[in-house]
Amino acid sequence: MNPLTELTLSRHNPLVDPTLHVWQWQIPIYLFLGGLVAGLMIIAGVRLIAIRPTQREALVCCTIGPLAGLVFLSLGMFVLFLDLSHKLYVWRLYTTFQITSPMSWGSWILLLVYPALAANALAHLPEAIPALAKRFPVLIAWSDFILSRTRLVVAIGIANVLVGIGLGIYTGILLGTLGARPLWNSALLGPLFLFSGLSTAAALLHGILVLTSSGEELPAFADFLLSSLTRLAQARPLDQKVAPVLAGADNSFLTIELGLLSLFLIGHLTSTAVHQQAATLLLSGPYAAVFWIFVISLGIVLPLILQTLELQNSIRHTLAPALLVIFGGIALRFILVYAGQQSHWFHALN
Amino acid sequence: MNAPFYKFGLFGDEASFIIAFLIGIGFGFFLERAGFGSARKLAAQFYLRDLSVLKVMFTAIITAMTGLYVFSRLGMLDLSLVYLVPTFLVPQIVGGLLLGVGFVIGGYCPGTSCVSAATGRIDGMVYILGMVAGLLGFGEVYPRIVNFAHSTSMGQITLPQLFDLPYGLLVFAAVLMALGAFAASEWAEKRFGGKQPDPEGSIIGGSRRLTPVRALALSLAVIGLCAAFAGDPYRGHHTTIATRDLEMRVGQGADLIEPAQLADWIIQDRNDFRLVDLRPQKDYIAWHIPRAENFPLASLTPDFAAHNEKIILCSDDSLEAAKAWFLLEAQGFKSVYVLSGGMQGWKDFVLFPVRPQGATDAAFERQAQVAKFFGGSPQASNTEASSVATPAPPRVAPAPLPTAPPASTSTAPPRKKKEGC
Amino acid sequence: MNLEQHTPRPYWNSYWAGFGLGLVLLASFVIMGRGLGASGAFTTAVATVVHQVAPAHAENSPFYSEYLGDGTHSPLKDWLVFEVLGVFVGGFLSGVLAHRLKFTVEQGPRSTTPRRLAFAFVGGGLMGIGAKIALGCTSGQALTGGALLNVGSWAFMWCVFGGAYAVAYFFRKQWI
Amino acid sequence: MSRFAMVIDTRRCVGCYDCVVACKTENGVPEGYSRDWITEEVHGAFPTLQMEIRSERCNHCDNPPCVSCCPTGASHVHEPGGVVLVTHDKCIGCKACLAACPYNARFIHPDGYADKCTFCIHRVERGLDPACVSVCPTHCMHFGDLDDPQSEVSQLLNSRPHHALLPEAGTKPCIFYLT
Amino acid sequence: MMNLSRRRFLKIGAGTMAAAGSLDASLHVLAGSGKPAARGTRTVPTFCNLCFWECGAIATVRDGKLWKIEGNPLDPLSRGRLCPRGTGGIGAHFDPDRLRSPLLRVSERGEEKWKAVTWDEALSFIAGNMQKIKAEYGPESFAAFIHGLGGKFFKQTLRAYGTENIAAPSFAQCRGPRDVGFTLTFGDGVGSPERTDIENAQCIVLIGSHIGENMHNTQVQEFAAAVGKGASIIVADPRFSVAASKAKFYLPVKPGTDLALLLAWMNVIVGEKLYDKEYVDKYGLGFEQFAAEIQPFTPEWAYPETGIDPDLIRATAREMARYRPATLIHPGRHSSWYGDDAQRSRAIALLNALMGSWGRKGGLYIPAGMEIPGYPVPPYPKSEKPPVDNPNNQYPFADEAISTGIREATLTGKPYPVKGWLVYATNLLYSLPNQAETIRAIQNLDLFVVVDTIPSEIACWADIVLPESIYLERYDELHSEPFRQPFIALRQPVVDAPADQKPNWWIAKTLAEKLGLGAYYPWKDIEEYLAARLKAAGYSFEDLKRDGILPGPQRPIYFEDGAPAVFDTPSKKIEFYSAQLQKAGFDPVPKYTPPEQPPQGSYRLLFGRAPTHSFSRTQTNPLLMDLQNENSVWVNAVEAQRLGLKSGDYVRLRNLDGQVSNRVLVKATERIRPDCVYITHGWGHTSRMLRSAFGRGASDSQLITRYKTDPLMGGTGMNVNFVTLETEV
């Protein structure tokens, strides 16, 4: 940045000047929810394939996860809709397919997510929510239909994994292809958002497990807040098989996420001046405090430590890592969307 | 080492937040380790069952106090830049009493309540809610008691200043007092709490070995004792000066500005420098170089100008200018120059330049006109330099008390939030 | 695996904990040129919330406006706010590592939970008011100012102890 | 084929805003919005300064990122001429094109769709210059076909040093600034 | 926000209308009111009125609504291209703050409380009071300030009424010193449009003229052409202006020392014999005396005064000489700066004379005009009293009425009282220095009439305000100024006035009739008047209505082509040494006096123009407001940093008399000297009726409480005020 440069623009278009601010809270929330759903799909898909179809057991990963995914996805799409400024024309998305536009890809992928998630959820729905199955016996029939066909189960699982990967990467590519904003100008954003999504999904499932376990000293206030959910899932002891797996998986995802984030920043720092300047926005600029504290310390490092302790049985499984990871995931999307819009190619004043 | 780092601009606001977070982690960690997440443990202090509060607090205070003293006495830290909460005696006494009552009733203070809430203490969370409610209420009544809250103002004042005693002596006194209090506490705990002193963890009880705790106490006492005789930390500035670097600059004359060049800068209205006149005020008022500001040596505080500004020093006395040059360089000013030849040089080369032998009028014209502009007169080569002694009729009218920089609105201090908790 | 195995570890020796705290305080002095604090962060948070709810009221109040800054960035972007955030995390970490994390109410054997919570609320309120009148709490005034030999801080410190000991007798049922 | 482009002589431009106001009246650009604007770039320290004044607008890039990111095809390249245009009733207002444009040339019209300079295609198709070019009192702006070596713009680019904005962004802008 | 909600409202409204489309049409028939707007586009040639340049233009109306306005290619002034203000001129028609009907004051002056009245009431009121003044004090006690072409008929009415005390601020506050300085040297001023042959100049010297920021259309076009052709540009300005960015040499001259620089240039040119000897010998007078007088003013002498390096002064002087006679030292326009302005302008004239550029290609050409006989009117009554503005001829070289002189007479009652003012199309509070003095003068009046299109500040102080229709809604006097190419231009209405506004000719004619002076308007309406004048000159009104412009025959404009080398000085020569100045007790060759220096911590207040606005009259034009909706104060970047200011902050300016400006944006820039600040003129409106402009930016006029009067011609030097900057919280 040359201090002896003055750049004066007469343009003062709303949302564009003084720095771009076209996207507010809706987009980061949407990206977060998209990533979360992608993570839920992948985990659900893998779990569905991993457990033998005949082995009927209630599964947070395979049922509650996809069900939550359906809700989150709808929420995300609603939030995305809120962001559109020409809302009445939204149907235009589905009259065309633009091969170069990640957003067009995304809108079609989103359509695939619903059936995949629904199929996955159906497979084990009766065990997961017996009350529901009691009222709608047809669910049991559908579940039987799926579980009796191994190939179908595998197909559903693979579909979930593939669509999940597509969705997760798409949330990052969406920003990554916008080369006009140097901070986003990285292919690593796709994998980064994918793994961030996976980590938030694993953390969410882990958190649900903790919440729904009737383990010693269930936190009273949490019980109060989420009693409806716990009643649905029927409180039972902490699933000692799944919880450590989820925590362990979450730790791997977080570690990979941390690595990708480092690579992402190193990539910028070793690139052109504008990219360096963009990375500086996070490292020491106006977003540094939020980045280091909320994304790195509280969103990744602290839950990593806590989950490691949990895995070592040094401490009990708690809701804390889940909340921290989810919060960190949201913070990551916010900070990248906001700082990205602030980064620009004119690396002069203004 | 230039501490406090933040005040010397080593890092910006954003980084300071990250540091705040890290320091906070340390703060919270040790509070919790000390058991301050538990209201019962805290409250036990007031029933003389468990005096950890006193012990922890005073150990922390004397540790930081002696550390601070050592750093500043060694010149590594500028104690005057460490923020001191101003004293409003009566409000602080009243506030202290209220706080004490609140402490017994609620069982926490604000800092410890955070730790207790973070470790799941529901009473700690409720306490925080109470505090928020209290603050809300206070915010509404504050306008009515604002006069009281601002009463008995004593400014930023320390005990050494109040009692006019050496700083070090008070450090020592505080250490001694703390150690005495520790001994008393241990006795009280035994007496009222029925605790058997832990041989490793107490100062007076147990064995006669030099346990690590005793070593700590002893070192603090020794530092305190030294401090009592080692002088004032505020005036203990030591700065390392890169002599080779300075030597090189002086050798190349890179620290000097020729009078003719300064004259050109003034004429061209260049404003990328500050011209500092070091002479006494009366000399300055009598006449000075246009644009000069009067800052006698003693008033060259680190904040009299921005550190990256170009500063040109002028004085009658070259030694004075050299002193000021060293002082400013040591204070971290980046580009300080001395007017070559001082005021005399200005007179010789700008106000009363002598036409070199054999030079034509035309070649000398520029210098002559510059001299006239500044109120001097060019000298023919054969005239004696005696006239030089007459002070120049100042072209710039003597300014009335121009010590202060131009009154600009920006000098008003930005509205500052009260620090402290 | 049996989670009941994890009994809380004992607290540290007060002198070492105090020494550690002292070093943190010293680090703050050396790095930032300022001490620690706690109540200021809560005040900022309260002021921010009031400003969100009733902007005009907050801006006109001599109390809140002092904590709202110049309006160029969020008042929550404040040193003390981040520091207190760290206090929560640090306390939490220490609690986790020492197995002291537990949802519980701290009280004496003769107290009841509702009473304890009511007292905590009242005590917190008094603290909030006292801390604002005194320009700081035990951390900002007693600890920080104490180490700096600040006149007001020492006066404050003795008054905290004085006030507490003076009324301690009346609240003994709560604690012992 | 033809490739429309603009060549702007920064030596002649005085930054008078005539292009801006002409665009506003010609195209009815709503109050508070602008499709083109003036940029002043100053280098140096007083009194040794250089200043370049530019009339800027959508660069109608050869490789327009706003078109490739558009999910509905509302942003498209209009042939002949390679002019980048927006079909209002295909635009959903997702703002991706605003974020994709390194020149920040686009804005959201108060009616909801993305809007920007059209090279006054309605005038160009009638054989006229864009409004901004036709009013410029300094005659610093030239509009024409890059593919025609005889056109004024081609000749100017052949004969004088010039630069485009942010060539490093890889968008291949079609507005050139003579220096 | 306002815009958005209004737009939404309109949208909803449009939707409803569309739904009721057929109903709408039938309603028109039923009500018989308002014919549906004509579909399609039509064009009307006219000429612009956004500034005094008055360029020929063609307005386009689409579907009955004014759409756009473009330059008329036939017009030699605009050459088919308007400036931004001209292009945005249609905004004046849509200006929401326009005056809509005559307003009669109903409380104290300046309180802005009004009652709408009919034209008949308004003009009867004015005529009655004018008659009273005439009876009590004589007609000379009614004075007028009239600016621009539209004032022609008001002058006619007032001359018929019996007063000649009619002034325009454009003389004493603007271009007067320049024209006096040139007339003293060459026997003629530079006129408006200026006779500068910028297009053909190979070296252009701008000293205090910021072409490009002042959008004098033809000049800017020619300047750009010259730059395009590679002309050598020399700019002396305390500010790195747009023109400076095109310059080969930029001289950051200290404000107020321009004359020292000019003398030094002449010293070099004379000393090194670089001047056009043949030209000087042939046309000049008193060159030897002149050469002797400027001999001491060497570049070295000028160096400490101006801050310009002597070598640079020499280099630029030689550069000028290299290209002579195609070297144009631009005379500037607004030239009332420091009170010695006529002499400074004379120095510019002399420098041009040394270059031999007067009457030469690339210099100052000899313009040609067109003869159009006036409409015959009875002779005006002769006044026995001398002009009120210049008693005892104290400013001997003032060749036009001095506006500040009329103000002075109104204040003092000497040489005789002034009891009535008519102000037409000039915002006196923004054009005369020291607003307080103007307001005090107003308090002495019995009748104060303002005719304007918008409720300007001066209108707020009037007894009665008359709303004039804007230029797109009226006919006007023919426009024909001497220029490169002679021409006649016609202004004709494009659209109807939106409310009860009337054209100036109608107001002046009706007023004359009310005063019993109908004999001076022996025509029914202006079309009859224009047709008759054109017919008398041998042209067709219909042709002019169709084309808007009638170009005249091209005549030689350079000496070398046969233009007459006539110098209307007493000696009929170019007066290098002015005997008439010497006789009147002034320096026969300009002399330099150093300007007063700003006190420590304060800055000299300089002001100028922006290309997007004209004076203080376009700030409510929605189109132009969209380009620039407030001004900013330029502060040297280093100074700003010291003051803790950055671009985008707001400050207030306080002058040495304690006058504080409205808040104004800071532009911290390297583009200005550290000892001065600069704002563009015309902002900081205080008239509440100018709703969209009220309180935006700062007004230099408000801060110009001090001024220095030029002893030669009474011009008021206004760059003599110093300000400090106060942070706006």
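Letters A, B, C, D and E name the chains as they come in the text, with residue numbers starting at 1 for each one.
Heads up, the rule we're going with is that a residue touches a chain if its C-beta (ideal position, glycine included) is under 8 Å from a C-beta of that chain, and two chains touch if they have at least 3 such contacts.
Here the structure is a predicted model, which is why all the values come from computation and not from measurement.
Think of each touching pair as a link: the shortest run of links from subunit B to subunit C has 1 of them.
Any chain bridging subunit A and subunit E, meaning touching each of them, is among B, D; the list is complete.
Summarising the inter-chain layout, the chain whose CA centre lies farthest from the centre of subunit A is E.
Nearest to the overall CA centre, using the mean of each chain's CA atoms, is chain D.
Of all chains, the one whose CA centroid is most distant from that of subunit C is E. Among the pairs D-E and B-E, the greater number of C-beta contacts is found at D-E. One simple way to say how far apart two chains are is to compare their mean CA positions; for subunit A and subunit C this gives 35 Å. Computed from the mean C-alpha positions, the centre of subunit A lies at a distance of 39 Å from the centre of subunit D. Here the CA centre of subunit A is 48 Å from the CA centre of subunit B. Each chain gets a centre from the mean of its Cα atoms; for subunit C and subunit D, those two points are 59 Å apart.
Each of residues 77, 82, 85, 89, 92-93, 101-103 in subunit C touches at least two other chains.
Touching two or more other chains at once are residues 4, 6, 10, 286, 289, 293, 297 of subunit A.
Residue positions of subunit B touching 2 or more other chains, listed in rising order: 17-18, 21, 272. A list of each chain pair in contact follows: A-B, A-C, A-D, A-E, B-C, B-E, D-E. Contact residues of subunit A toward subunit E in the complex are 4, 6, 10. Contacts from subunit C toward subunit A in the complex involve residues 1, 3-4, 6, 73, 77, 82, 85, 89, 92-93, 96-97, 99, 101-103. If you check the complex, the residues on subunit E that touch subunit B are 252, 254, 298, 300-301, 303-305, 307, 310, 600-601, 636, 638-639, 642-645, 651, 673-675, 724-727. Those residues of subunit A that touch subunit B in the complex are listed here as 284-289, 292-293, 297.
Across the interface of their complex, subunit E is touched by residues 9, 11-18, 20-22, 24-26, 30-32, 34, 42, 44-47, 49-53, 110-111, 134-140 of subunit D.
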